[in-house]
């Protein structure tokens, strides 16, 4: 028989590097003839369980055997390890947001008319959920489409006291054009994140198709 | 600041459930503002290292951070857990890896020059995919061949913190004594070299070879 | 990252087949060198500079001509610099005849080496004075240097193979992660991105429609939303006109509100209602 300390080391190590929970039978198979017996194994497992008191992990018995697992109370810290990097809004969402800000109150139909493509209801919902836009009324036309405007939260996020702190269109042009010229030379990824690999105009369409729930516009608006 | 015991639990748990080794910086990011600082983290890591004494696992620092691993002395028992034998690497792979590790940055041409046989491009691709080697640049000769170097993943796999932990590159050994002596002319001024371990007249030659670049680089590349 | 190509390329280790054959035959592994056509070679032929086609195992055993030469020198004490030119030439010719397309690439390297050995020998046969030993170009010196350099890395590779590594000597320790409490992370937006989006969409609109999209002053658009929201959220149908004006906003505020109302009326989003001359004016959401 091996020394108890050695057996304990082996059992602990095996439980920590196995892909699956281990039963006492499986653990026993790690040992050569005469190195360890079942009663010893069982008492070793108990002692390992006791050692876990106050530690970050516990030895848990699940249906298919024993395994070490991180205590559930540590989940908030562990979660940070897998936290997603913040996602990015697609170009379509940003355009919708910009049009709502500058042309409010607007309906989806209004936005679609300017953008030339259908506006996905998910995009509007995302902006509503974020509390950046709100329904300010309904246009009295068939279908009573909702009209959207921006919110206080929107202003706060962008650190604006009121909407007229946003630049005017000529100001935007003056502001944007140098950037766009630079982008034309430098490659598009600066503005759009990793997705853009095509010439600008085709991307818009491609993205639309990706993100738009296909809903015929005519049906929706009437 | 959190209680020390809680910090220790979190660090231990994180190291045990992370997919990759963790650096102190990464560990710090698990904590919210003011929950833990770096000096505390470092002393906690030390204390976890000490706790491992006598246990089956150890906290090891490798190139990309800290990880828990089963002690090497337990490998005979651990290997019984898997039916497959551990992967073995061919001499071609090991020689190529050794050349890249010790002589980086090297091109395929450099490797072929030393090994005297063509380098299998599938092997290079496999090493790249495994993330053991990477392209570190291109040599400015016709054809601009890629130069390879090793990665942290390579060091991690071989349980190393940095390249200096690799075993020292073996000395050049005398090969054909009479001829070498003849070739070297046995000049007395060479005899004093620091690496004298061979009979005098052969050492002279060996040293010569150590210091001589076999061929000018440009010629070798093509 | 996939291990598949690696396992294909890297395993089985060369010599594996030979090792298996040795085990299978129960031969002394040190004794048996190769098996050719079922016949066991317990000793490496000492006069073989090019592996014959039949010696498939041979190709697996050696990493190339440098490896073979090192073997001949270290294990057989062969003086590679003093070989029989006639013999190597004969092997050379024979091998070219036997060479199969399959092993052409590998064979080529052995042939180059054989040619080099033949060259060395022939130069040694020349009268001494013309054979300058100090010469950098001495093919013997070059060959020895290459052999030594190769041997160095061959041993480095052997050393590397003994370095403790994951999967064989070391195993990572893992514990099951707890159920994670995922926090929803909201996308971050730079105002500049919104502006770029706007300029792009307006630019596009201009390309497809005759006239440019008109943008009113933003203070008016914002006020339009506010007024509309008030009218819609009001408990009563009618909102008093005067209640929309706030003295604290000053004259400019009044003008903005007034323009907003005009625009809302023009766009038929609200109706103004007055029951008689000088009676209070009310607003209500536009009825169809």
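The letters A, B and C name the chains in turn, as written, and every chain counts its residues from 1.
Throughout what follows, a residue touches a chain if its C-beta (ideal position, glycine included) is under 8 Å from a C-beta of that chain, and two chains touch if they have at least 3 such contacts.
If you're wondering where the values come from, they're calculated on a predicted model, not measured in any experiment.
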Taking each chain's C-alpha mean as its centre, the one farthest from chain A: B
Central chain (by mean CA position): C
Centroid distance [mean C-alpha coordinates] between chain B and chain A, Å: 36
Whole-Å gap between the CA centroids of chain A and chain C: 25
Whole-Å gap between the CA centroids of chain B and chain C: 20
Interface hub residues of chain A, defined as touching at least two other chains: 13, 16-17, 57, 68, 70-71, 74, 78
Multi-partner residues of chain C (at least 2 other chains): 171-177
Residue ranges of chain B in contact with chain A within the complex: 5, 8-14, 16-18, 26, 29-31, 54-57, 68, 70-71, 74, 77-78, 80-81
Chain C partner contacts - residues on chain A that touch it in the complex: 13, 16-17, 57, 60, 67-72, 74-76, 78-79, 82-89, 91, 94-95, 97-99, 101-105, 114-116, 130, 134-141, 147, 149-150, 157-158, 162-164, 166-169, 172-173, 175-176, 179-180, 191, 200-201, 204
Chain C residues touching chain B - in the complex, by the definition given at the top: 1-3, 5-16, 63-67, 73, 79-81, 105-106, 109, 113, 133-134, 138, 140-142, 144-161, 163-177
For the chain C and chain A complex, residues of the former touching the latter: 171-183, 185-189, 191-202, 204-205, 208, 213, 215, 217-219, 221-222, 224-226, 228-229, 231-232, 268-269, 285-288
